[in-house]
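Quick one: the structure is below, questions incoming.
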Amino acid sequence: MDPDPALHRRIAGDAAALRGWLVDLRRDFHRHPELGWRETRTTRRIVAELEALGFETTSGRDLLGDAARLGKSRSPVPGEGDTGCIAVHDTGRPGPTVCLRVDIDALPIPEAAEDHIPAEAGFASAAEGVMHACGHDGHIAIGLGVARLVGPLLARERAGGRVKLLFQPAEEGGRGARAVVDAGWLEDVDLLIAVHLGLGVPSGSVALGVDGFLATRKFAVTLDGRAAHAGKDPQSGRNALLAACQMVTGLHALAQSGARGVRVNVGLLEAGTALNIVPASARFEFEIRAAANDTLEDLDRRCRRLVTATATAHGIGSEIELRGSADAWANPADVATWAEGVNRASGAYEHALRGFSFDASEDATVLANAVAAHGGRAGIFVLGADLASGHHTPQFDFDEAALVPGVQLVTAMLATALARAEGDGGASGGG
Amino acid sequence: MDPDPALHRRIAGDAAALRGWLVDLRRDFHRHPELGWRETRTTRRIVAELEALGFETTSGRDLLGDAARLGKSRSPVPGEGDTGCIAVHDTGRPGPTVCLRVDIDALPIPEAAEDHIPAEAGFASAAEGVMHACGHDGHIAIGLGVARLVGPLLARERAGGRVKLLFQPAEEGGRGARAVVDAGWLEDVDLLIAVHLGLGVPSGSVALGVDGFLATRKFAVTLDGRAAHAGKDPQSGRNALLAACQMVTGLHALAQSGARGVRVNVGLLEAGTALNIVPASARFEFEIRAAANDTLEDLDRRCRRLVTATATAHGIGSEIELRGSADAWANPADVATWAEGVNRASGAYEHALRGFSFDASEDATVLANAVAAHGGRAGIFVLGADLASGHHTPQFDFDEAALVPGVQLVTAMLATALARAEGDGGASGGG
Amino acid sequence: MDPDPALHRRIAGDAAALRGWLVDLRRDFHRHPELGWRETRTTRRIVAELEALGFETTSGRDLLGDAARLGKSRSPVPGEGDTGCIAVHDTGRPGPTVCLRVDIDALPIPEAAEDHIPAEAGFASAAEGVMHACGHDGHIAIGLGVARLVGPLLARERAGGRVKLLFQPAEEGGRGARAVVDAGWLEDVDLLIAVHLGLGVPSGSVALGVDGFLATRKFAVTLDGRAAHAGKDPQSGRNALLAACQMVTGLHALAQSGARGVRVNVGLLEAGTALNIVPASARFEFEIRAAANDTLEDLDRRCRRLVTATATAHGIGSEIELRGSADAWANPADVATWAEGVNRASGAYEHALRGFSFDASEDATVLANAVAAHGGRAGIFVLGADLASGHHTPQFDFDEAALVPGVQLVTAMLATALARAEGDGGASGGG
Amino acid sequence: MDPDPALHRRIAGDAAALRGWLVDLRRDFHRHPELGWRETRTTRRIVAELEALGFETTSGRDLLGDAARLGKSRSPVPGEGDTGCIAVHDTGRPGPTVCLRVDIDALPIPEAAEDHIPAEAGFASAAEGVMHACGHDGHIAIGLGVARLVGPLLARERAGGRVKLLFQPAEEGGRGARAVVDAGWLEDVDLLIAVHLGLGVPSGSVALGVDGFLATRKFAVTLDGRAAHAGKDPQSGRNALLAACQMVTGLHALAQSGARGVRVNVGLLEAGTALNIVPASARFEFEIRAAANDTLEDLDRRCRRLVTATATAHGIGSEIELRGSADAWANPADVATWAEGVNRASGAYEHALRGFSFDASEDATVLANAVAAHGGRAGIFVLGADLASGHHTPQFDFDEAALVPGVQLVTAMLATALARAEGDGGASGGG
């Protein structure tokens, strides 16, 4: 049984009432951006808000354990990896388990100081060189907004099942989701809902039938050559910087493909110690992407071979470390159809796009594939928000009016999933 | 009139008596290595020693002023550039001005922890990643040893003229000498003596007829591209990392030459900010060398064109900054002959090599050319010292027995130059 | 008015009766492949067949004139450019002008000698290093098959309008179509039909709603450096081979794009004259592709800049010459619908695919865009044929059973277009 | 016993009388340049001249056999390898065996048409793209001039021993000398004299104490990748052209060395077959040089590893074939002293340079090392000749006045070596 129109109207009203609070939250997180695995202040604020709402939370090391995690720093800072949070609300009645996942980390981008609303309105990043340039600050606000509405709603409606609100760390670089899966938090999830703001979808629209999530892997390469005096004896050196440069041009040439979504990006490179020394060491990080998992697998093999053999060509040692990953994904047609129904009933967004291609990577796909692997359903939805500039740029900013409909639609989804479940004892959203 | 044999014997005895003190000094400086323009502790210790010996000293900003200096850090640390020292001893009698120059900076090399005497004997570097891997610690000790002997000696011998003892900062990278010249300290110098330990000359030998000093220039290149999301929109990025890599391979190919001593080394490269962003920025440093100044000039033009046009090829901006330089040089034959005479009379070294080719760069050449430009004489001498490993390597160490003959020969040179001068009222050492 | 079922049955029967003749023709052309602009024997045979059927033909220089043509050889062979043929059949009755275009050139690929039907059946290429590895031999056969059927059919049916049968030279490399347009042969064409065999469409199927034709441009780059003795004097050389290599890696990196169909391929490179001479000259050819014309335009600009500025970086001169091109294209929906109707009525192919993406380039797109520019309709159709190996490989071969349905469908299209036209006085096929 | 002054005067007069004939010969060879192993016309003319002078000659396959020879063409032309000539004159009296070696091949360089004496005087190359741009035409003329003088002279003087006049093919690329050694022609040679014109030594001067001959090896590399359609399926290709380009930049970077004479030159590259095919094949040739044989050996290892591993990096196969070589060499001091004595006595050249560094490669070094290996003496001498432009350039030309003193000095050397030998029964020139 679907929620009645009155309930949808009530959710709409409740969400609209949160607007000022959502904007304040978003701006607070925007001012204090933290890189992946380092979201300690962010996590504390989320936990505080959730506990004030009466949720039980599990966070940091209790959430993800201390096990090997992709993409840890080489020289970890105190508290690194001790981030992220999950809040669980059990109705005590039979029903499905529905998980909302939002991500919480920022990017190593210096924020623009001019022609930029956060700067003008005084909530620009206070952390040098770090910026919420992808909208995760808005995702956190939406997650907390849903948290504020969902408990009373489920109680009032006597809905069944459980809600998990996951505030995932380290999405950038494809690191956090794998840790969440490994820690077992998704094993009982019947429906996973993940959201992302913007991405070209304008305010007032939502993309529910989304495909084109690119599979990706992130690698760190360490090269170990031999130093020598660059003036007296360069021939006895084994130049790791030069080898790295040859690898970079070699790797870039592998992006050429008739398959969809193939990308190679060497995003970081550091090499050498002094001008007059043949560089003995180099380190670089690169990522690969493809629209299909087997295309990525093939590209992975070619990249590894290129790095390893080019190192041999230059007489130097090499190590390749996997630092992160995300999978290919497309929302199943039934999930998209269900979500469109909820949006129509809810009225959260005027326009629902189908056939939207994500064309980028999201580690929510790792969660989605894990849920799908045990027969659950999953959808990753793009919530419309007008943007000031592209994602991952210093001028990035989004229309804060997009927060309310996001809260409204997700809350309606949860209400629908759990309400329907009540009727039939466990069917998931896409059933 | 040359010093008599008795004086040479006395210098020899005095120098030998300093052995333990010289080793202690050298080990203290070795434990506390400091990079160029940051030799603040080193300078304090040198000043303290010189003042204890009764010298007047000028150091730090008083020495070199606050003017533009090659190779400053982009983010200077407190005290940066406020280093180096000169001690002047004026006999009060007419005579030439003779300057001894030693250099005092260390290198960004992590010191070896095993199979390495400094580690075993407890005087390894206490500064992580910084090491006296070129012997400048020994140069300082020799300079202070000469300081200890030269004052009493000149007084006793009633020699004429002036001695300048220059403890020059920032030799590595070819930065400090230019500042010394610009500050005018060499304008009245009739004879410049500069020394370097090791370089393949064994303990017991000295190289006085030295040529083959390579002219060099050091550059920093900054590239300014455009960031973009590496997955969604790579084609709108302008990849500074990739452009830098093309420059590196292009620059290396320019080292091919029929002219002597031509080298190109890109010693440092840093680029990019995050894995999933097309790198908008890159920075690298490179040096060029050649045995002849005009060869270097031509190479300079080709390198600059390669960098600038390759940047254009990739649609990015570029800036090239000169960070340091040294000149080509060969000790004049008369200076070498004179120095051989002093060594023979002194008995400091059993073997005197002629025809030794330096095959590397030294910014003492900037001092030597400056002195030669106003008609003075200059010699850069290589003091024999057995080495544990090549210069600029983590295992570098030299035979400490080499300190005493170094002090002995240089003191004998000063005594000879000033004693002779007394007779003829101002002729320089090579007259 | 569409043709009645009886007519379609008659065309089917007539086409089937040609099977042996079509196979013989195809095998003859297969044995004598000729590169673009050099199809002199091929043209003679086509002309002979057409004249035997009573067509008036225009061929070679009379067809395309002597004007500047893309992609001429640097050292033309006799007869080069004097190829290709058009046959015009005018019913003498009012009606549209319909043009069938097939292409006739081969590729510089050595044909496989084993596991290859042409080798086993004795019709492998007799021209060393040249091969019909794309199916144009089959295209010619189909064109001649249509020629054999269409004249009597139009007379019998008293259809109106004109038929042009265009046997276009130099499709590979995107050269011939531009010359055809420039010579004015398409100015009065109301409907253009072009066909291609294979491309992954199996025997028994046909793709009529085809899109994804990649826009392409082909360039030849000539680099002009300075020779020097590689041992004595390499620094006075300006190495065109090395510059070319840097361009190749630079160009390949430009293929990375979020836009569809972007490709860069340097397909040929020749540089240098002797081992001990710094190479003064280099020449290479490259092509670019993209699914959209503006993407191609942007890529064109970036490639030209990369080549020109990299040449400057290496101190050498450069020239870039456009050698060929094709446009982006998608068959209009009305043309696809019309063609599906003809196929259904004709029964030529059991399966008609829609939504087939060509994902490669075809210079028929230049013809199609030219016809569309004056309001005509155009369709480029893919005729199913099982393949032994991919196009442009030494093992390429196609199922000869595909020739008959090709003749059948195209003849039915001509009959339909001209028959309908008769009724309504000139509307084209897609009307 | 050395020749008396009268003999030297007679040789001088006889040589001077040959001037017009030498110039005619040189111009004839200049007009008909032939590449290494293809000097068939050149050999015929040499043989004709020698036989007219009464020499017995051995040439072509009789000279060098049919065995494996470095640097044969992949598609040999008729007569290829059937070139070169030796003339032996035995006095019938006891004495040493003295061999004069000149080289006869030309270069693949198009000759300049303007500002160039051969063009203006009508003896420019008649062979397109081939040119005597290194002076070997002059070497042949000198060899024939010596042939004309030496027989009568030895008879008249009743000198003892034997003279071998070797006209060696395929010097460029370091190929012919190894074949001469392998065929055993040098086993009984007591003194080898080889000459080269020009190289910076002006007319009127000769360099007799020559060192700095660079050891060299020449390689051909064949790469075997996989073709693919560059538009549809580039990722399934393995791009041999791209791999070759990476090898070229990698190889060039290996030239950086503190050792003398290190060079790497990729002189030729050919890759790919068509614009729209991922290049499956590439072939390039490169040479390496160094002043010392062990430096070359180390460079050889690094280059081979770079090629092999870079091929692996790109998933392609590679083969490296040695195509030619020359050794390091320095004329022994005693040979230089002896030669200076001859020149002084002869008066052939006003100035005799010592300490001249060749700074390039010559496969006469292979002959010289072979003679030295069995205890003989050898000298490679540079005969002064003003040049219009550097060796291996299109404007290369030399002062024809240099031919006469060349004939005069070499004849005087032969007379001296054999005359002296008569006295002591076999001592070589350097005794």
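Every chain is named by a letter (A, B, C and D) in the order it is written, and numbering of its residues begins at 1.
One rule holds in what follows: a residue touches a chain if its C-beta (ideal position, glycine included) is under 8 Å from a C-beta of that chain, and two chains touch if they have at least 3 such contacts.
Remember, predicted model here, so these are calculated numbers, not experimental data.
Ranking all chains by how far their C-alpha centres lie from the centre of chain C, first place goes to B.
The pair with more inter-chain C-beta contacts, choosing from C-D and B-C, is C-D. Chain centres here are Cα averages; for chain C and chain D they lie 52 Å apart. Once the centre of each chain is set as its mean CA position, chain A and chain C turn out to be 46 Å apart. Chain B and chain C have Cα centroids lying 68 Å from one another.
With touch defined as above, residues shared between interfaces to two or more other chains in chain B number as follows: 231-234, 242, 246, 249-250, 252-253, 256, 258, 263, 265, 359. Chain B contributes residues 107-109, 129, 172-173, 214, 216, 218, 227-234, 241-242, 244-246, 248-249, 252, 261, 263, 265-279, 282, 285-287, 289, 323-324, 359-361, 390-394 to its touches with chain A in the complex.
Note for the complex: chain C touches chain A at residues 249-250, 252-253, 255-256, 258, 263-265, 359. Against chain D, in their complex, chain A makes its touches with residues 231-235, 239, 242, 246, 249-250, 253-254, 256-259, 262, 295, 298-299, 302, 305-310, 312-315.
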